[in-house]
Amino acid sequence: MSLTLDVARTIVAAARAHGREAGLKPLTVVVIDAGGHVVAVEREDGSSIKRFEVAFGKAHGALSLGMGSRALMARAEQQPYFVAAVTHAVGGALVPVPGGVLVKDDAGTVIGAVGISGDISDNDEAAALAGIEAAGLVGQPD
Amino acid sequence: MSLTLDVARTIVAAARAHGREAGLKPLTVVVIDAGGHVVAVEREDGSSIKRFEVAFGKAHGALSLGMGSRALMARAEQQPYFVAAVTHAVGGALVPVPGGVLVKDDAGTVIGAVGISGDISDNDEAAALAGIEAAGLVGQPD
Amino acid sequence: MSLTLDVARTIVAAARAHGREAGLKPLTVVVIDAGGHVVAVEREDGSSIKRFEVAFGKAHGALSLGMGSRALMARAEQQPYFVAAVTHAVGGALVPVPGGVLVKDDAGTVIGAVGISGDISDNDEAAALAGIEAAGLVGQPD
Amino acid sequence: MSLTLDVARTIVAAARAHGREAGLKPLTVVVIDAGGHVVAVEREDGSSIKRFEVAFGKAHGALSLGMGSRALMARAEQQPYFVAAVTHAVGGALVPVPGGVLVKDDAGTVIGAVGISGDISDNDEAAALAGIEAAGLVGQPD
């Protein structure tokens, strides 16, 4: 299956609902498809101006190497030069902290990624997972 | 007033509704705030992969020079080197064809811009205007 | 309220006056609006050639993530790869040392940022705070 | 002589005064030194968000090739590929329409440049010339 706009909208709505219920700071939620291209974005009032770029970087980085951005963080702590180099290689959009989560269908196929920025990274990731689950899909955070 | 996410969502929904009623091709709708930063995006199924960048470039170009992207097209036809130069100067995100529309409040203050790509430029612009009108705001296409 | 040119000029003048009274090295003072765009700049004689870019990077970085550049420094010391990644994501203009201060109005709304470079970072920050206070506004350095 | 901040401030103030007297649209005035680096900037309220970049590009382009930006426009009309190439070569900041004026001292030495954007190009240039003259210096618009 592909990540349709309806699915993306479900993910965005559920991630934002999670944020409100959990009392998180304003979130910016980005959903990209399997090719790394934007499907849907919502930046909540009070988010700082570059939160789209940060959230996109989490999702795009995750998809670039086929692992959640939590795994990118682990790699950055072990081999910062590798992550810096890949960041250059992919054009700059790779943010290696939690909050970038791969989206998989029932067959385990990666159909896209979600990136969230606004609260601390662990909370951003929790919101992404909540959104993906609400869409009946499977999130891979690392 | 500022361009809130609720307003942006209204614009996106109404622009897409216009597209469906008018039988337009799949649209990508981008709403940015007065500072040129993404507030909301939806890319309809069937849109090609870089429609976000094109739609963003229409909206961002309009805001950069304070005129709708239809006026940018007129300038590009008169002085193509000027528009090419400004595109560089603003970092690349300027697409000088109709479909990038300034959003003004009742006082005439520019509070953001809408960019749409997917159908022919005139139809993209009509969808943007429909979205802005539905939010009770004023669109400036040129 | 928005950050007008008159307000920006007041900030610049007061920050520079602070620098002279405190015997600081030549300062470059940059004021940007809520969208991250230049409103006023003055580079004092004797400032090195790229001080505008450094001061702008402090202010722009602060606004990008919604925290003063002192907080960006703390984050850089904890997670250097995160700050490096965000620097790429925002296009390069992010300098994570003190001297980039958010500007808030009475209601607590961020209306812009000030970036100063020229002396040691703590002194740059003090000059920024003096400038903001002179304009009757509130500075957030971290 | 070098282009000091005091001189730059005089130029900015006089250019803006000319704009007000002549009933021009809000102007953004940029003064750069002989090395092409920002000395002073003021963006009047109502200027669109990227006017600094456009005005800087006029001044920086003028200095890059040692001719006012009016001469760059003439060259762009004759050899658009040359101006496009130089724009790339200098990093993007070259806007080949009037409004970028070289600043010379009594000895005919180029000590900097002024770039203005906001009204039509001819009016931008007139404001730059007025500012330079008020500082007792000589402007070269082409």
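We just call them A, B, C and D in the order they show up, numbering each chain from 1.
Following the convention adopted for this analysis, contacts are C-beta pairs under 8 Å (C-beta built on N, C-alpha and C of every residue); 3 or more make two chains touch, one makes a residue touch a chain.
Note that the structure is a prediction, hence the values are computed from the model and not measured.
Chemist: Could you state the distance in Å from the CA-based centre of chain B to that of chain D?
Modeler: Chain B and chain D have C-alpha centres separated by 30 Å.
Chemist: For chain B and chain C, let me know how many angstrom lie between their CA-based centres, rounded off.
Modeler: Whole-Å distance between the two chain centres: 31.
Chemist: How many angstrom lie between the CA centroids of chain A and chain B, rounded to a whole number?
Modeler: Chain centres of chain A and chain B, defined by C-alpha means, are spaced 25 Å apart.
Chemist: In chain C, what residues contact two or more other chains?
Modeler: 34-37, 91
Chemist: Make each chain a node and each touching pair an edge, then name the shape: line, ring, star, complete, other.
Modeler: other
Chemist: Which chains touch which?
Modeler: A-B, A-C, B-C, B-D, C-D
Chemist: Given the complex with chain A, which residues does chain C contribute to the contact?
Modeler: 34-36, 63-67, 79-82, 84-86, 88-91, 110
Chemist: Where on chain C does chain B make contact in their complex?
Modeler: Touching chain B: residues 33-37, 91 of chain C.
Chemist: Where on chain C is chain D touching in the complex?
Modeler: Checking each residue of chain C against chain D gives 2, 4-5, 8-9, 35, 37-45, 49-50, 52.
Chemist: With touch defined as at the start, can you tell me which chain D residues reach chain B in the complex?
Modeler: Checking each residue of chain D against chain B gives 47-51, 53-54, 56-57, 61, 73, 76-77, 80, 83-84, 87-88, 92-97.
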